[in-house]
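Order of writing sets the chain letters: A, B, C and D. Residues in each chain are counted from 1.
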Amino acid sequence: MALKLTAEEVSAFLIELFPGWSKYYDVLSLDEQGMRLKMFVGERHLRPGGTVSGPAVFAMVDAGAYLLTMAHIGREAMTVTSNCSIDYMRKPVAGADIIGEFRLLKLGRTLCVMDVLVYSEGDPAPVARANITYAIPPARQKAD
Amino acid sequence: MALKLTAEEVSAFLIELFPGWSKYYDVLSLDEQGMRLKMFVGERHLRPGGTVSGPAVFAMVDAGAYLLTMAHIGREAMTVTSNCSIDYMRKPVAGADIIGEFRLLKLGRTLCVMDVLVYSEGDPAPVARANITYAIPPARQKAD
Amino acid sequence: MALKLTAEEVSAFLIELFPGWSKYYDVLSLDEQGMRLKMFVGERHLRPGGTVSGPAVFAMVDAGAYLLTMAHIGREAMTVTSNCSIDYMRKPVAGADIIGEFRLLKLGRTLCVMDVLVYSEGDPAPVARANITYAIPPARQKAD
Amino acid sequence: MALKLTAEEVSAFLIELFPGWSKYYDVLSLDEQGMRLKMFVGERHLRPGGTVSGPAVFAMVDAGAYLLTMAHIGREAMTVTSNCSIDYMRKPVAGADIIGEFRLLKLGRTLCVMDVLVYSEGDPAPVARANITYAIPPARQKAD
């Protein structure tokens, strides 16, 4: 499944859409097999106890899946989340940034299915796993 | 399943934990059958196109489930999300606040299982559905 | 969302597709709001301990969602499951049949989203909950 | 995470519990990283069109997760499924057996979290993905 956008192109598109985006995220690698995305953890991401909150982990899963889908279908800002299931497995490491390893499992006509393991940087035990499906906009479907 | 905390008590506890909480959320009703929670939609919750973003809907689902769990088990700030599966079904109405209707399905020794339908205020078609499970902290388990 | 098939019509279609179907299932009610489906529990559905197995509960959830989707879109045997998330909450009652209460949450152009609570007959506490999405075949999509 | 049972031991235990088990399943490999399980496809697993049905794929996911959990915790027949989320991505290859590649993501005190990719034998594109969580029986928890 060849890429339509490089890491640089998809990041530039995100910055157009969400000007503050690059303050929080960095695409570490992107190829046909998948993507590694880093989220810089700040105050706004923390829950009582000082670790990254569940919604902050979800937000990074969703952002990464949006990016990975567009890397494969092109600049389609109206691509939207259809479904996500997430398991929180371990408490994130306090003070560590968060890294998501995304895999593309299926790029279909109407749906793009991915999964992801989320890590605290420097720790090999995943803090969360998720699967997430994006719906590809009908305009894009017609273009196939 | 009798409540341990009223709507007022659980809201007060959330404000202790997250001082800004009441700017974004309001418990509309809470009884043994479930809870209705309103999220006041602001700029920070929007995605391109001006509608509420997927992560903002998820954040309200997670906040409501945290509240509903504590309404049943008491003030246990370390109660954490174990699993959530969410389907996004319709685009939220632009400019409308978001309302979640939560049901408690099972309160067990270690897990609390809930589901929720999310609406744009004033529109009867749900924008999202989710099921969410919270893990009850071991200290609390021993207390049973 | 008006029905295209009655309980009798959809049951008759299932019997055409799976001749043994009516030995295991009975549509108790079907209207625009949803469906109640009964599964007659036999030896093949049991796990060690004599209660209904998890895969047997899943099979009834999947069968009911297939039925409910076709009740709304017509006789489309190639309609297939896209996604299902299921929580097992309580041990089924030994010797009791199983009843599913299905709700249609969204009938879209490409996806039909439903949820279901599963009960042991005669017991008000649900044994499982699930959400399930069926993909509507492209041929049917073009017909819209 | 060292194994408590080998592939042979866990298979032998399954045959005790379900005498017909080895007619349908074969553990291809099992180590600390995960497990490969084969399901021999027969008439009972097929849906209209001659491909493996969704519930048959689910049954193999559930059986494999049961096996993998017991390989890590020992002979605990009352270990039960807590949650499973499954995405069906591609039509299985007609006439091909089904192979599941299971990973253990977390073995906790009360929950065992796994994921799996399901393939038609000989085809590299996965037909389904699932995540599944088993609840470890309280007796076993106390033994820790």
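In the analysis below, a contact is a pair of C-beta atoms (placed from the backbone, for glycine too) under 8 Å apart; a residue touches a chain by one contact, two chains touch by 3 or more.
Remember, it's a predicted structure, so these values are computed and weren't measured experimentally.
Any chain touching chain A that also touches chain D appears here: B, C. Seen from the Cα centre of chain B, the chain whose own Cα centre is farthest off is D. Overlaying chain C onto chain D using CA atoms gives a rotation of 180 degrees, to the nearest 5. Chain centres here are Cα means. That of chain C falls 23 Å from that of chain D. If each chain is reduced to the centroid of its CA atoms, chain B and chain D end up 33 Å from each other.
The geometric centre of chain B is 28 Å away from that of chain C, both derived from CA atoms. Contact of a single residue of chain B with at least two other chains is seen at positions 82-83, 85, 87, 133. Chain contact summary for the complex, chain C toward chain A: residues 82-83, 85, 109-111, 133, 138. The part of chain C that touches chain B in the complex is made up of residues 85, 87, 89-90, 105-106, 108, 113, 115, 117, 125-126, 129, 131, 133. In the complex of the two chains, the chain B residues touching chain A come out as 17-18, 48-49, 54-55, 58-59, 62-63, 77-78, 80-88, 91.
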